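Pasting the structures in now, so scroll down.
Here chain A shows up in two complexes: once beside chain B, once beside chain C.
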Partner chain A sequence: MTHPPETTEARAAAPLATAPASAGSGDGGTDNGADKTRGGWRGRRSYRGTVAPYGFLTPTFVLLLVLMVTPITMVIGYSFVDRVIINPNSEFVGFENYAQVLGDPVFFKAVSNTAIFAGASVIAHFVLGMGFALMLNSPMIGNRLKAVYRAIYILPWLFTVAIVAVLWRMLLSPNGIVNFFVTELGFAEEQIAWLSDPSLALPAITFINIWAGYPFFMVSLLAGLQGISSELYEAARLDRAGPVKQFFNVTLPQLKPIIISMALLDFIWTTQQFALIWMTTGGGPIDATEMVSTYTYKLAFSTYDFAVASASAVIIFLLSMTLAFFYVRHQKSRD
Partner chain B sequence: MRKWIGATAAVSALALVTACSSEGASDGPSDGDGGGNGETVTLEFAQWWEPELPEGVLRGLMDDFEEANPGIEVELLSGPYASTREQVVAGAASGTMSDVVGLDGAWVSDFVDQGSIADLTALMSDAGYDDGELASQVQLGGSTYMIPVVNFAYMLFTNDGLLAEAGVDAAPSTRSEFEAAAIAVSESDENTSGWILPLSLETPNGIQNDVMSWAWASGGSMLTDDGAPDVNNADVQSAVDFVVGLDEAGAVAPGAATLKEQDKVEEFSSGRVGMMISSLAHINTLRESSPDLDFSLHAVPAEDGYSGERGTPYASWGIGVAENSENKEEAWKLVEFLMSADANGELANAANAFPGNSTAVPEFVTQDEIFQSAFDVWNEGYPANEFVGLPVAEQLMRDMAEELQRVLNGDISVEDALTATQTKWESQF
Partner chain C sequence: MTATKTSLSAPTQLEVPTRAHVIRARKRKKIALIAALTVGALFPALPVVWMLSSSFKPNGLIFEYPPRLITEGFSFDAYVAILTDPEKLRFFFNSYFIAGSVTVLTLFVAVLAAYAFSRYDFKGKRIINVVVISVQAVPPITLLIPYFGLVVVLGLYNTYPGLILTYMVFTLPYAIIMMTGYFNTLPRELDEAVKVDGGSPWTALWRVLVPISVPGMVSVGVYTFMIAWNEYLFALTLTRTNDMRTVPIGIQLLMGQHAYDWNQMMAMSVLGCIPVLILFLFFQRYFIGGMTAGAVKA
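Here is the complex of A and B:
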């Protein structure tokens, strides 16, 4: 009485595995030995199948735990205690730190400035990026000229934030070249303090951010444009669609997934912009360019109030998570 | 193959965890055992001084120290001022502060509250050190926590060429003389301004150096006798009124709200500003960037009729010892070495600063006419910087800078600005 092996692999494995069992059990042990063999093999296979994936995932889990979960948990914890880090005997204060942040009019000014700064930047990044991408994808421009334009247009993206800040501080200085042209060409009678005038500072740093960030949109949209099948344009032309109709009925729908992804990512990144603002205006004049990032930084490293800074950071984290939720949902719907 | 991949993954994960845990287990910044049994002690010394000194000067001093103290080595952790500050703050928060740290007087109060810097009075006592030669010490509650190693005095720099072109023959000594000179320079050329006022909120030390210096130069104070804020008193109001008056008269360079200290020096260096209040540390910068610039140094002008001693604003490269250091005894030896007459004089000489050891006389003072005049001004007045030792000193300056920006923007009066500043300061104290 023998049980037929269930698979070819099992047949091959059985003799090796049964050898010690047969030797030990003497006669009549064939059936039991075969059962044990299959059970042991299945156990090892099951064990390997269960544990191996976790082995592969462990480095990622550890990295996530150390670099993401731990700091986020700590910051959330800090936000519920009083004078954390500075005071060795911090006490739990519930939502008091949150109340302090949400009761501060400067925080709302910072949120408003951040929304304007990020919103205007994303829209302008899209418009400029799309315009330049269309130009670089146009068959009317030769390849060599395209390469030159591509190199020029992408330049702002290659500068680090510190260089961008220093460069534009010099350009927009009251004695800078921008004021030279503005006054020489008769647009203004006297020098304009672009970054020091409370009514101009926010538009000025938004402009700088637009200048520094549009190439990212441009490169992504250019890649998208190059992936659109020419057959779609041929079909549109057969339907007597002009360039404008082709743009709105072929190009934009084809680029829609890229545009939505880019816009969401750009908005999230721009709301987190700190270095550019800090190095150009420091959040001033007064609170004209105060952003949530500069507001939180000042709480942490100027007043050393890490607990309230943590509460502010958690609020920003929740706002960012809302945006991230839409981004992930959009990505899932694409998949 | 699968086994190998699985094993590799497990080992890498284990290595990562081990690396992290060993990092976390480190409870002190130093190697060695405190020097008790002949092993070498390595002291970490975090500061922003090395990049600002001629190359090799600070390392050379450390080599001298190591030679004089066998068994102690010094590892310099150097960076720009801003990143050093963040590094020190982070180290203080996590208990991993370097053994010896460069300090700014504005940080001291917060670090003392935090318990992250050691009581130097106790260390001096343990070492039997006589502090008679120290020019100054920053104390809180009767204990010293920071010793100024070198001091950078802030004085009035005048572009004598520009002043002469504007018809100003002598450097101003009073506020009214200064105002007249500043207006004359501004009116002499549409591209020049009489004075420059940096009020950037990123580094709001313009409040200390360029605004409050007017009050201190006339014997004024922004604090009560017991150290509480008193920023809306008549002395400070008079100084701020004067500054605002200069702006209204068109004598101040445009763009004050975002100007920083380096902008001030660049504008002066390029001949677009007639006068500035700046650190002696910038004398060599000016000489290197504009060799033809004809400038001189003077005391900050005082109120008309004031004949008392003038306060001279200053900033220090201070030094302290971390409370978490396991080698406080060795750390103090390094502090003591840097405060000795020879080492301190050498450091002051290299930094073009006034020494923290009262017996040290740097060479540059005797060899350079401009430095000699600055040293005379320094000795005739008294060091004045009331922000040293105050809690969240930088935020206090930022609070005042914001209010002053509102005044310059025409939103509020000086009186309202100072009242608002006083309220903010009281909440910080």
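Here is the complex of A and C:
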């Protein structure tokens, strides 16, 4: 089999994209991965009844036990005592810390902000990622040109969150370039304080997060698109399906598992976003952009109320695990 | 919407004009696509262009009105200021050293675990697998409060191993899942052949599976590197002195220190992403080689 340049190009992009694309699944991201899975390890005998696998897993066990299980146990312990860490003689107070968190309207504001922030981000990531991936996957343009565009579209992904935060603080500053265009083009009379106006701050940081995060989605979908057999499209064309029909009847169903995994993972990760918010608005103005992460961080490291912060941390943990449950179930159903 | 009649000769042959139409329609579509791609590219590119432009400006002209791409005071001063400051260079060194170590160690540990998941059946496999998948969803903020005390007790506060091991907790689950998936695509005959030759599973893993898994390992590695490179929350909490801090914290320090040296912040941002960009472009090429090599059937 000789591959025309087009195929090489497709292959070049695929493994890079494999990373996000196939979280937890067996597909190697390339077309030849799929058929190997079928005839591969499954259904053949494995090395059974040895201790070897446990040996291979020991480093993972140790690391997760010491740095994951232990701190989770500790934080649960903290959440049930009073004035933990600060006072060496802290005493058991039952669910008092939880009552304090759940009785705080700011906490609910933080939960709702987080949900809006994450929900809007995931939807926009998907729409942009899909649109760009479809364009970048078109056979109509040459490989060189494609590589250039791909590099440009991936750009935001290459910046660390801290960089994204300072960059957008500059762009969205009252004297910044965004306001220049907004006022020059007549959308606004005067300069807009994007990040310090209580009604604009949340949309603004959501926008920043959309800008920073869509390439992850795009790259995964691009890999997924390249994995779709061209026979499916040919069959669709024989049925006289136009591009729109092909998209809804072939592309979307084929990408569905990737889309669901990505959306769940993206949602989980976006709800945990801390650095971007901390470095742009710090949760403010007042509590307009307070997220569950900044809320907990402030409780712990600004007011040193570690016990209540732990209760909040445990609540967040439980919420995340609920989301994880759906993610795991989805991944299992793919196997 | 047919663009009626072409002046092409041979009216008897229907084929010719249709083909011309098709070619022309295709060309129009191609131009439309390139136009759309270019307009779309403004979204990621414009902020980056402005970052570059600002990094060459004197700080006083960052917010000049009206804004210009290149101002009179165009200079490399901001870059010189960053690159001649040993403290800032240290931030870069720390970031790369930590992210590099996390990548190598994560790959090593993940390959071992993935081998167990891919090639063995053992008691508790399902449960362990579920744990590894769900660990990805544990919020960092949940771990942060006890972590501080834990890291102090372990003697890892304000040290490289403290940050490296912490980051591995977040990079490992994903790497294991990905590598297991990758190994699953490799035929078992490969290991069997090693066994027939009297080799151990250990030999099969390192002599056969790992070498042909390089493309997969590279993509997992790049991804791992990015996570470690991006980390902010723990870098902020688990370090005390500036000589242990990383680029994200360094950029933030620049925000407080003197009243906002925007040009220096932008220069540091540009410098901070250049190595990642090179890494990315380099490995993008590498993938081509890796994939064609991997495509050769065993």
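Worth a mention:
One rule holds for everything that comes next: the second predicted complex is superposed on the first by the 279 of 335 C-alpha atoms of A that agree within 3 Å, B and C clash if a C-alpha of one lies under 4 Å from a C-alpha of the other, contacts with A are read in each partner's own complex, and residues count from 1 in each chain.
Everything that follows uses one rule, which is that contacts are C-beta pairs under 8 Å (C-beta built on N, C-alpha and C of every residue); 3 or more make two chains touch, one makes a residue touch a chain.
In this text the structure is predicted, and so the values were computed from the model without any measurement.
Legend: residue contacts after superposition of the two complexes on their common chain; A:F159 is shown touching chain C, with no touch to chain B. Once the two complexes are overlaid on the shared chain, A:P198 sits against chain B while remaining clear of chain C. Once the two complexes are laid over each other on the shared chain, residue contacts for A:Y233 go to neither chain B nor chain C.
Legend: residue contacts after superposition of the two complexes on their common chain; A:F56 is shown touching both chain B and chain C. Once the two complexes are overlaid on the shared chain, A:I268 sits against chain C while remaining clear of chain B.
Of the two partner chains, chain C is the only one touched by A:F180; chain B is not. Contacts of A:Q331 after superposition: chain C is touched, whereas chain B is not reached.
Within the superposed three-chain arrangement, the count of touched residues of chain A is higher for C, of the candidates chain B and chain C.
When the two structures are aligned on the shared chain, A:M279 is found in touch with chain B and with chain C.
Using the contact criterion defined above for the overlaid structures, shared-chain residue A:Y78 touches chain C, although it does not reach chain B.
Common to the chain B-facing and chain C-facing surfaces of chain A are residues 48, 52, 56, 59, 63, 66, 85, 173, 175, 278-279, 301, 306.
Partner chain A is touched in their complex by these residues of chain B: 2, 5-6, 9-10, 12-13, 16-17, 20, 85-86, 89, 93, 110, 113-115, 191, 200-204, 253-259, 263, 267, 272, 392, 394-395, 398, 401-402, 405-406, 409, 411, 428. Taken together, the chain C residues at the contact with chain A in this complex read 26, 29-30, 33-34, 36-37, 40-41, 43-45, 47-48, 50-51, 54, 62-63, 65-67, 109-110, 112-113, 115-122, 125, 128, 130-147, 149-150, 154, 165-166, 168-169, 172, 174, 176-178, 181-188, 201, 215-216, 218-220, 222-223, 226, 229-230, 232-233, 237, 247-249, 251-252, 255, 262, 265-266, 269, 272-273, 276-277, 280-281, 283-285, 287-288, 290-292, 295.
Chain A meets chain B in the complex at residues 48, 51-52, 55-56, 58-59, 62-63, 66, 85-88, 169, 173-175, 191, 193, 195-198, 201, 278-287, 298, 301-304, 306.
Touching chain C in their complex are the following residues of chain A: 3, 8, 11-20, 22-30, 32-33, 36-37, 39-42, 44, 46-48, 50, 52-54, 56-57, 59-60, 63-64, 66-68, 70-72, 74-75, 78, 85, 128, 131-132, 135-136, 138, 140-141, 145, 147, 149, 151-163, 166-168, 170-171, 173, 175-177, 180, 211, 215, 265, 268, 271-272, 274-275, 278-279, 292-293, 296-297, 300-301, 306, 309-310, 313-314, 316-317, 320-321, 323-325, 327-328, 331-332.
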